[in-house]
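A short worksheet on the structure shown next.
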Amino acid sequence: MTLNQSDKIQDITSGGFDSEVTAARKNFGKLMTGLVVACVGIAILPLGSILFMLLKNGLSRLFLNFPSVFTELPPPPLVEGGGFSNAIMGTIITCTIGALLSVPFGVLTAIYTVEFGRGNKLSQFVRFCTNVLSGVPSIIAGLFAYGIVVLTMGNFSAIAGGVALSVLMMPIIIRTAEEGLKSIPSEVRQGLVGIGATNFQGVTSVILPATLPFIATGVTLALARAAGETAPLLFTALFSQFQARSLSEPIATLSVLIYNFAIAPYANQNSLAWAAALIIVVLIMFVSILARTLTARKIY
Amino acid sequence: MTNPSTRPAAPQATQSEDIVLRTENVSVYYGAFEAVRNVYLDIPKNKVVAFIGPSGCGKSTLLRCYNRLNDLIPSARVTGKIAYQNNDLYDPKVDPVEVRRRIGMVFQRPNPFPKSIYENIAFGARVNGYKGDMDELVERSLRSAALWDETKDKLKQSGLALSGGQQQRLCIARTIAIEPEVILMDEPCSALDPISTLRVEDLMHELKQRFTIIIVTHNMQQASRVADYTGFFNAEAAEGGSRFGYLVEYEKTESVFNAPREKSTQDYVSGRFG
Amino acid sequence: MTSQTIAKSETLIESSQKFNPVRLVDQIFYWLTVATALGVGFILLWIAWSLLSIAFPAIVKFNIGFLFSTSWNPVNDAFGALPQIAGTIISAIIALLFAVPLGVGVAVFLSENFLPTKVQTPLGLLVELLAAVPSVVYGMWGIFVFVPFILPFLQGIHRVFGWIPLFSTPPSTRQMFTTAMVLAIMILPTIIAISRDSLLSVAPELRQGAYGLGATRWETLTRVLVPSALSGIIGSVMLALGRALGETMAAAMLIGNANRINISLFAPASTISAMIANQFGEASGLQKSALFYQALILMVMTLIVNMLAEVIVNRFQQVE
């Protein structure tokens, strides 16, 4: 590779003895710059369009008899008004279940790979598995939760949805927690050993607290991902027109509501889908910014 | 040159003393590399012992054997015997955590925990099962480390916000608070300015009333000022070409500096080394 | 004074042998972390096993022929995956054809100082935001905004180039081509982010060296920077490919779910994940098994692509 690069440099010299940049070379540069700027323009266009449409369609529905989207239940077809209070609750519930399952698991795993088994076979294996896991298509996480929860419990449920989401959150949590643990200087670990602290004491009272900003970042990033996921919830949490009364029954979520209502042939449903999409995107943006400020608070 | 591996145990200057740590024929390996070879050395109670010698001769390596810190380096292996109060430190029945509670360590770079000054000290004490008055212990430890006056108004501040010299004294205070028998110090003053260095040295004189101290230092004056005994280490090329460290001589500090037995010691302490 | 605070009258061995709850907790904690670390591998196996066990009847019945059969008939239990496999691969590849040049172009733009940092940082943020928008929102945007907007252009293409088989059917509202374009927009951030990182990580000496030899900015870029960042860029493309293959919502909402292979890109088609999303609700028995069989195929496809990506990206990190 390195050899290759020096070849390239020689290429340039052998062709470039002219003392000034020729017109051809200048034009090449202009052309390329133009192309790249065009790329940026084309790339920004869809994003701009999405944001604009979200604001336009979402806001107008949001403020149509204002708090109703937050307080009312989804309307049946051809009925005006309504909202998705149950879906907001459902998204919060399924994401919370996902976090409750994936955070302790992910953080403990990261503690193993960084604190106990740094660089050993098992850590390498975990690293490999984490990478594979982060590439698992989200719909497969849904099928997995269907297989292990829905089939065993006998019905669709918030719990099954949470299990599916936790599979997708896990790699994010493991990675950020690992990153955080690695940022703690090894001198601190030596100091802990030097005063006779056990690993448990050192990790729980000194190292984890110092890692907290990273873990919080990981959790928020994972939540941001989970809140938008639809495919894993389609056959796990399913959907419900009503407010959920227990964790073991089907539950509505914002993302599934967007899917169902966007493909429904009713204008009212469509506009509710836009409002839900706006809420979800704003939520995710907010959470991502939160993650950023959390990382900025890191100690080392 | 005498071959150190066949050299008989050097006559111990410490015979008449109360011995805390006995080092018998200790060698340390990192993988196949022998870092320290065949060290015999006794540490007397309530004394300061200095390890001096050129860089890479295994002073830190040997020091880390005394609190089993080498356990953390997967490739490290210790042979021979280190006895602490008649218990073999490396006895499989011994829990290394217990060793470290009795033999504390202060490191080259100050490493306070990312916690408040108060918690830096209280944490170690709590970990070691201290049940008494914590405020009193924190104050006593900070006073012992000559840090109380500077920090008494900001005990809730982060330990990381202190200056390097203050951080190092905080680390000493943290070690004192767990009341170890022995304190190991690996170049504790190398990151400090001359004033802080002097304060730490003063501290050592007071501390040896209560503790036994082993200090690694590159500063000859420091060794002669603080140490009762001094061990001089050197490195020598082994058969395969790699260099191993060994103990050249271990005597009362005055004799090491004024009447060394070995030529290499003479050269080193007079600065004509290499 | 010494032992008045912390009792150390016992010998080392005594206190090491004595029962100590702290030591027990430490042991339990260690083994707990080992268990969770192993658990990550276990979860992967569990996923594979749960797919396999439900897919098993279909695997036994259709065997490898499943991959090459185009039938999907719940009434007489004849199932195949060829249209979905083809649709998955074709949509992902078309998406890459659009997204790679665009993404590398944007990455070059963001890695060079064409613009002051004041403009560049928000641009980078914008890219990240693009990555955070959920795919179901892209799908909805596709239905209500993108497809209605692009359809007239596609009709124009069909009128002029209709003799080319790829454009031979009148563009339908749900079809392969628009799906692939929405997929392209979705994978753009992945390509931009990783390509940009690998461009930025090219050793500064190389960059300065090239400039020092009198190369213009673009000669430096095309002959030095892009070639040496190539494996990173290819890695990003592979990761993006993995995403495109597994993407469900946009495809389920836009592709039309037609269980046939059509040479024309303007015709409805199907992908594995869209098929699962659409059929799962009503499926039972062997049909459900067949869907899980398809999921298994998808899993293997993404696994291969992601592993290739990892190998390539790792090589890039070593060179760096």
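As written, the chain order gives the labels A, B and C, with residue 1 at the start of each chain.
By our rule, a contact is a pair of C-beta atoms (placed from the backbone, for glycine too) under 8 Å apart; a residue touches a chain by one contact, two chains touch by 3 or more.
Computed from a predicted structure; not experimentally measured.
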Nearest to the mean of all protein Cα atoms is the Cα centre of chain A
If we define chain centres by averaging CA atoms, which chain lands farthest from chain B? Would you check? C
Where are there more C-beta contacts: A-B or A-C? A-C
When the C-alpha atoms of chain B and chain C are each averaged to a single point, how far apart are the two points in Å? 54
Chain centres from averaged Cα atoms put chain A and chain B apart, in whole Å, by 49
CA centroids of chain A and chain C: separation to the nearest Å works out as 13
Give the residues of chain A touching no fewer than two other chains, as numbers and ranges. 198, 201
For chain B, what residues touch not just one other chain but two or more? 97-98, 101, 128, 178
Residue numbers of chain C (touch at least two other chains): 23, 26
With touch defined as at the start, can you tell me which chain A residues reach chain C in the complex? 1-2, 4-5, 8-9, 11-13, 16, 21, 25-26, 28-29, 32-33, 35-40, 42-44, 46-47, 49-50, 53-54, 57, 105, 108-109, 111-113, 115-117, 122-123, 125-126, 129-133, 135-141, 143-144, 147-148, 151, 167, 170, 174, 198-201, 203, 224, 227-231, 234-235, 255, 258-259, 262-263, 270, 273-274, 277, 280-281, 284-285, 288
Contact residues on chain B for chain A in the complex? 67, 69, 72, 97-98, 100-101, 104-107, 109, 111-115, 123-124, 127-128, 160, 171, 174-175, 178
Residue ranges of chain C touching chain A (in the complex, touch as defined): 22-23, 25-26, 29-30, 32-34, 36-41, 43-44, 46-47, 50-51, 53-54, 101-103, 105-106, 108-109, 114, 123, 126-130, 132-141, 143-146, 185, 188, 192, 206, 209-210, 213-219, 221-224, 227-228, 239, 242, 245-249, 252-253, 273, 276-277, 280-281, 292, 295, 298-299, 302-303, 305-307, 309-310, 319
In their shared complex, chain B is touched by residues of chain C numbered 1-3, 5-6, 8, 11-13, 15-17, 23, 26
Quick one: which bits of chain B touch chain C in the complex? Just the residue numbers, please. 84-87, 89, 91, 93-95, 97-99, 101-102, 125, 128-130, 132, 137, 178-179, 181, 210
